[in-house]
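Quick heads-up: structures coming right below.
Two complexes come next, and they have one chain in common, chain A, joined by chain B in the first and chain C in the second.
Take a look at the complex of A and B:
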């Protein structure tokens, strides 16, 4: 069951990339798997559920969250240790996911995405009968 | 290991990022606990700014609730501390684990001219904002300019 099912497709060394309308950040994620589903947890502080866009197409999962600036763009900082911008991250998923049953919730700045496996993908216990 | 998103545009953070990557490459196998320690000392990352009446300190603390966070203020120091719990339960395997867990604490020196007895803090969608009003005597005051009679 513990085969690697998710691969990252984008470069790891660029936390922020400039885009035409601001900065784009790669959120930190945890990806967990149990018999029933894959669970993705993504740190996306400062957004809201209406501004999060999740797409799963041809085995490519894309998470995107728009983050509205909390200070004006011209704000000068006494200390500026992190930038504020949208979040985006893409994964390749090789497991078969039951797309109709995908659910997601956003709480305290963390997106939790549940990707239930299809019945065929779930591990099945094969009973072994003793033959006399 | 607790990490945050540094503002890559700043030279000091670019340098820090480059150094960190360098050390990560060199120490990848043997000393993960060492690099974890140095990162924990700078978590959470802070943005600090001011207006005429207050100083604002902002930190991103996704996954934490007010019960997990302590904001402590003395006459000249602000400390943000807390603990982020892991999500691991039985029968689960991690494919990727980037979100840090564990205890963190960060202390910021404050200028003495703040009224630290009137500090307020809010936590919304994983963003902590601490507002520290300035003492009355350092707020800019409008000075009336009078025309002297000729």
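Take a look at the complex of A and C:
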């Protein structure tokens, strides 16, 4: 239908800014495409909209979210099933995204990112005029 | 009929290899294990499969401090209204359903990693909590439940008075 491609770049390629020594988690994402846009949904509990950083540069989309610590080693854990750390994930996206119209919202721990396609990338229907 | 005294398996409880295969002894072993857990650990977590295959259940942190027991769960993508917190005896139950927010409109999927489904998690709480003082809050996909301890359970300092002479 369209030529839009999206593929996961292996996150072993550590970006320059990741120089802290905290844990880094890879959020689970859903990515869907329709005629209008690509939608990325990422489960990122425990952050807030001010702490989410989204960058699209040279076709590389980076999601980063800072998570404030809520676990401390001095506490007595009866059960400790998950770890706390920042979220980060990188995707490669083709250049058919209208970067000016990208929007994102964060609700109940899920980031929803809308990446609208450029006009050229959208499928178009060509009307045929009847000639008498 | 013979009454068999209960003894922790860890303290050298009897081992009965010859009869361990019959269903009634398996059942007894199961009950023994429940008792072992009950006496060892006040929380005695009811361990169960976290989720059905392909399904989802929240991960939990349970922390005990001087004043309260706190249960924290990561529940991204859930409306707090869809989470049921019930207290029965000393068991706190979290249940609900995480639903996919995306309607199937014939979109093409590139990634499908997020999990959905119904879940139920039981947490056995120690006897010294006040089950009438349970509060819960939800923020950014993280649910926090506070259960106060009964005041008599908090560590108390006893002052020694000099005896009147």
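The rule is simple: the second predicted complex is superposed on the first by the 107 of 132 C-alpha atoms of A that agree within 3 Å, B and C clash if a C-alpha of one lies under 4 Å from a C-alpha of the other, contacts with A are read in each partner's own complex, and residues count from 1 in each chain.
What we mean here is this: contacts are C-beta pairs under 8 Å (C-beta built on N, C-alpha and C of every residue); 3 or more make two chains touch, one makes a residue touch a chain.
Only a predicted model underlies this, so the values are computations on that prediction, with no experimental measurement involved.
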item: Three-chain arrangement built on chain A, chain B and chain C clash or fit; value: clash
item: First, second, both or neither for A:64, with chain B first and chain C second; value: neither
item: Partner chain in contact with A:108 - chain B first, chain C second, else both or neither; value: both
item: Partner chain in contact with A:31 - chain B first, chain C second, else both or neither; value: both
item: Which partner reaches more residues of chain A (counting touched residues only), chain B or chain C; value: B
item: On chain A, positions contacted by chain B and by chain C; value: 1, 6, 8, 28-34, 38-39, 41, 43-48, 70-71, 75-82, 106, 108-110
item: Contact set on chain A toward chain C in their complex; value: 1, 6, 8, 28-34, 38-39, 41, 43-48, 70-71, 75-82, 106, 108-110
item: Parts of chain A lying in touch with chain B, wherever the complex brings them together; value: 1-2, 4-6, 8, 13-16, 25, 28-35, 38-39, 41, 43-48, 70-71, 75-83, 106, 108-110
item: Chain A contact footprint on chain C (complex, rising order); value: 41, 43, 45, 59-65, 69, 72, 74-80, 101-102, 105-115, 123, 138, 140-142
item: Of chain B, residues touching chain A in the complex; value: 3-10, 13, 17, 21, 42, 45-50, 55, 58, 60-65, 87-88, 91-100, 108, 123, 125-127
